[in-house]
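Each structure below is given as structure tokens.
Below are two complexes that have chain A in common, paired first with chain B and then with chain C.
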Partner chain A sequence: MGLFENLDKIFNVSLIYATFRASTPIIYAALCAALTQQANILNIGTEGIMLVGAFTAVAVSYITGSWFFGIIAAMMGGALIAMIMAVGHIKYNSDICAIGMGINMLAIALTKFLLSVMFGTTGSFANPDIIPIPRIHFAFLENVPVLNDLLNDWCFTEWFVILFVIILQFLFYKTVWGLRLRAVGQFPMAAQTTGIHVNAVKYQAMLISGLVGGLAGAHLSLGYSTQFVENMTNNRGFMGVAAMYFGGANPVLTSVGCLLFGFSDSVGARLQAYGLPAQFVLMMPYVVTVVILAISMIIKLRAEKKRESSLITNEARG
Partner chain B sequence: MNQSLKSFIKILITIVLSLLIGTIFILVTGENPISAYGALLKGALGTKLGLGTTIANFTPLLLTSVAFVVAAKVGAFNVGVEGEVILGGLAAAYIGINWVFLPAPLLLLACFAGAMAVAAAWAFIPAFLKAYYNVSEVCVTILMNSVALYIGSYLVSGPMSAGTAVPQSDPVQVTIPKIMNPSSANAGLFIAILIVVAVIFMLYKTKWGYKIRTVGTNPAHAEYAGIGSKRVFINAMLLSGMLGGIAGCIEVLGVHGFYLDGFAKDLGTNGMLAALIVKSNIVATPFMAFFIAVLKSGALAMQQASGVPKSVVDIITAIFIVIATMEFVIELKKKHKKGE
Partner chain C sequence: MREYIVEMNHIVKSFGEVRAVRNGEFTLRKGEVHSLIGENGTGKSTMMKLLYGMYPIDSGEIIINGEKIEKLDPKSAIAHGVGMVHQEFMLVNDLTVLENVILGFEPKKGLTIDFEKARKDIQHFIDRYQMDIQLDKKVSQISVGEAQRVEIIKTLMRGVDIIILDEPTAVLTPQETRKLFEILANLKAEGKSLVFISHKLNEVMEISDRISVMRQGQYMGTVDKDKTSPLELTKMMIGREVFLNIDKTYSKVGGKVLEVKDIWVSSLKETSKIRGMSLHVNEGEIVGIAGIDGNGQSELIEAITGLRKVEKGSVILNGQDITNKKPRAIRETGLAHIPENRNTRGLNHTMSIEDNLIAVEIDKEPYTKGIMMNVDASSKYAEEMVKQFDIRPTDYKLPTSALSGGNAQKVVVAREVSMNKKLLIASQPTRGVDIGAIETIRNTLEIAKKKGTGVLLVSAELEEIISLSDRIIVIHEGRITGELAANEANENNLGLLMMGGEDELEKGETES
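Right after this comes the complex of A and B.
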């Protein structure tokens, strides 16, 4: 009862930050997937890269007492995992879905193994010695009513993701490297003819994607929360891949997709207080992801067909 | 023949390599790898309970791995088998509890039919989206697995709950008999084997199977040959879903006797793993499924006997896939020949 009287408690200012907070890990994951997608590699291993990053971040932060080293190590770990996939896919011709799923399983097993060997626990690892990524506090905002709720105490990596989306957008569409990357993705043979080392570009994309995926994991385990839980990515990597499809690997559009998932997540969490069963709340982001992914692909296909039919001959299409 | 011998050798090399890498991990924990592997084998095959557990593990894996293969033959990467297992089990439990007006044999049939229908309907969603709108089936099926898991979890902690502390349903009124007490191995094994043989026959000896394989290898050619590739694609996915549903039904009726929340954990994933390692070779898949079942059921014994965490086994199997997907063994051979 009282759901409709309480709509203002569900849809209020704090929902904006809640949405952004829930979206950030997925945005990083989606950018990880977008980087390789621009080179026409579907990064199914995003989930695994992220999970390895999450574990490495917690382990290194716990051992060194520095969140910064945690992030750096997580990015290295992510890159390492991504390079296994890159070598398998590019050099040894592995099917990307198959090796990606292999990497995901390896990540789950490896982090489980290391959790029990290094910390002697199973399930999860939380400890006051794990230093989280700091939250940025603006003292001057304390007395500003709305902005204080909205902008204060964001995690460092939450601010950074905004900058990072812009950087990637610039990198993809305004730099020579981005042009080469997209050329490799769209028509590798033509790219090769112009003297681009196709495989080198693909390796670079996978490497950077691994770094970003590691960062995604670090944010999840040191920013979004301060602990490591077995399989804590919980399909966020795949939501990122779905968002990447939604945005056509364009960083800004992809992030918009992530915000939609984050929004459904946060609204669901608030609805739980009004009697919505927990399972429906947990299910919501997945359902929304599938529906949005389907709708966006249907629209895209329709648009493509329309464009095609307006051309006169088949030759003109090429 | 030569080709299949080659792939057999490749699988063997992959197994040896993965076990060697696993050895490194065991050494890291400071244990003796030989005694650890020994404990694993003894735990999985050495005792009656162990062997029974291996067979009980093998039964669903046989079905889920072949389910993955059927989808792979038509060119789909169906990660959604796990969701299909869950919903199949759910449907079987619902019918097994509520349709008691049916005599036992009919009730059993109804359980299987219901499980297949619901699982196939679930598989239809990603199949339709992929066939007509080119939506990545990998993404959709993985996300739908979570949805299926939560649907099951909701039903057995709410409307279908038996009121116990562990979320589970009331006991079903018809069960599949156990064959190796006290383990949970049951006669579902024979059902699974019969069904898998039938599926292999269908794939390789019927027109329908030919269509599936044609669409999987070359959809454009299939269209020219007058095969409606979209329809065939969806049909194969439905069959794949049905196999998952049957696995769920056997688990519920044969192993547990009720719907247990989370019973399908890793059943689909491990089946997929078996299929991926042998590159969806349908004849080799059941053997690999058995091998995985041995590893899984021996893992716990290994952990208890030697203190090596059982996640080592998961690492080994994951490395399996990573190595198995690569085409380097054959490449090495070519180089060797050139050297001669």
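Right after this comes the complex of A and C.
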């Protein structure tokens, strides 16, 4: 069975949605990281926040029978975890990477523990009583060939992420809060002298980041799938952080980075069906992470070097 | 009406162990220019930062417009009409000038910032005080003088009537200083009250109505400008008379130690890129580099010392080509370097005075024996240096973080000068140190020169350049705009060259 005879089955229209579907959880995670990055806080705890969100969403959806309450609870849970990090970092001045990694390990252990205590199970928890986030069906698209495959039956949070990227872009670059956030991140002293409460802005950024991280988790466990699996975030939080670096914490560029991850993920899944070893396929997103970060750093360094060189006369001069 | 719009009484402020202000007093009348003078580190800036609410006071009282203010932060200070132009500009480099000006006081239109209204409001001040600034440039792209005007507009936009200026002329050329003083005169004429922090007596004598002096955190008194003299002020500042003028007995100038041939060096900032610079330093002479901060001084020094890549051209030290060699190899060839920032490149703050003193020769006899350090030898050397350079405290086992700016700098100077290398690079050797240490450091450079060392001196203080150098090279935007012998240099001709020379100025005028 040749891989190359089946290229048209791998690269077809449905790959577009598959890519987007695989990217969405990472986009939410990346936006979670971008929010704090604008305040110059590296949110390495994105992974943990997301995992707690995923568990909370499943638990609350199962208990209340409402996906909406599941999402809300997940966001609250994410915010709580983020605030623990914020107090440690901002008030007690401890290293954000150390707290973040602590949070990530805590999240794995905590969700595993609660899974066993609350549902008496290990490994994973799936149940028909878990109400997923609804999919949006457009009846009028049913008979339109390509668009039906492309746009129908998207999960609610998949549509929302597009809107959310635009909202954040607007928030960062057009509003008072965004201007202050960027000023706090780049030169806190300057922000302070204009009467801005630097720590208050940092707490706000962490809080909102926690809410978004929780939402990322809820989408993963109630939208992307309908179950909770131990460590189900599977490094998507870290990929989000990588994509955030790739996009310089700019929401739109960051999302582009996430789409690359999603693309490699879904192509990999398809290649597996054609005899590519599973281990190799599982490796792909991480290889892509390393390659993308390396390429973006090289491009950045090259541009910087060119900008700094005395031998080239820059147009912008004067 | 009350006599004073600001009264600060019995102010005390400590930072950890350090008593920055022991007994601070300050008053301000409406519509006056009141200068606050004193040496570096005497608490002038701290006093004014307290008035601006940057830190809380430990004890004492602050009264603004008759109201005793209990809790003061920058926001409430601004609300009480106090604005401050900081010594280090409080501008965010990656934001535009416009964004920086409105930061903290943004006009809103619905959910968004009303940039059009902001633009109109700022234009009003630009027209009124004739301050040319470019609103859409990023701060990283504008000049120092312009950045300062942005800071002034920032305070005006907040509607303040008391403006504190913390050493505003330190980064300006004499010509830019004139322009600033014109703006200040306009502000005063409109009834604004100004606080001018400085240690340049000629400037203080020119623009003040009253002058207050601080020494070691203590208030020393206030005098009317008309009833005092620079001499009296100096005595108040340091408690004795000082003679900074160095007796320049010309020693014999020998052969070339350093030769820089048409070098091109990269930089983050466009105006700091070096584009074709050639110069040389002979044995037994001090060559001064004059220029406004950020015109390539740091890049030139880094290029010579191997800390920054030379993109084109060559550097010859002691007859050997050292272009793009490792810093260590260059030092071995015969270079000593007092770096411009002692905190990041001059000292290891967690290590002792002793360790810092031998840092450059730590792997050589007698400080090392086989694989072991010889502590006896280094202690003996440290003891000698502490005595010779009057480093206080004298306990050389203390970490250098325990030292004041002046004494920390003496450690760097002692280490570099005592190696007796052929070339000594002294970059801002007296920046941020007290006047006693300035005396010591300048004399040390003079002695090194007489011993036959070639000295390349970079300083932001024109007075330092003029009094120490034998030859003065002036640079502007990474190019040499002129070279003068010490006896023909003065603030006027140097200032002109620092602005780019006459050609550049004429061109600028016809353009605008």
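Keep in mind that, in the parts below, the second predicted complex is superposed on the first by the 308 of 318 C-alpha atoms of A that agree within 3 Å, B and C clash if a C-alpha of one lies under 4 Å from a C-alpha of the other, contacts with A are read in each partner's own complex, and residues count from 1 in each chain.
In this section, contacts are C-beta pairs under 8 Å (C-beta built on N, C-alpha and C of every residue); 3 or more make two chains touch, one makes a residue touch a chain.
The structure displayed is predicted, hence computed values, not measured ones.
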| item | value |
| --- | --- |
| Overlay on chain A: chain C relative to chain B, clash or fit | fit |
| Partner chain in contact with A:G77 - chain B first, chain C second, else both or neither | neither |
| Chain B versus chain C as contact partner of A:G45, first or second or both or neither | neither |
| Which of chain B and chain C A:T194 touches, first, second, both or neither | second |
| Contacts of A:K305 with chain B and chain C, given as first, second, both or neither | second |
| Partner chain in contact with A:Y286 - chain B first, chain C second, else both or neither | first |
| Contacts of A:I103 with chain B and chain C, given as first, second, both or neither | first |
| Comparing the two partners chain B and chain C, which touches a greater set of residues in chain A | B |
| Which superposed partner A:L179 touches (first chain B, second chain C, both, neither) | second |
| Geometry of the superposed three-chain model: angle at chain A (Cα centres of chain B and chain C, steps of 10 degrees) | 80 |
| Superposition-derived minimum Cα distance between chain C and chain B (Å) | 5 |
| Residues of chain A contacting chain B in one complex and chain C in the other | none |
| In the complex, chain B residues that touch chain A | 25, 28-29, 77, 79, 129, 133-136, 138-140, 142-144, 146-147, 150-151, 153-154, 157-158, 269, 272-273, 276, 309, 311-312, 314-315, 317-322, 324-328, 331 |
| Contacting residues of chain A [partner chain B, same complex] | 42, 44, 84, 88, 92-95, 97-99, 101-103, 105-106, 108-110, 112-113, 116-117, 234-235, 238-239, 241-242, 245, 277, 279-280, 282-283, 286-287, 289-290, 293-294, 297-298, 301 |
| Residue ranges of chain C in contact with chain A within the complex | 52, 54, 73-75, 78, 84, 86, 90-95, 99-100, 102-106, 108, 111-113, 141, 154, 264-268, 270, 273-275, 311-312, 478 |
| Residues of chain A defined as touching chain C within the complex | 170, 174-176, 179-180, 182-183, 186-187, 189-196, 305, 307-311, 314, 316-317 |
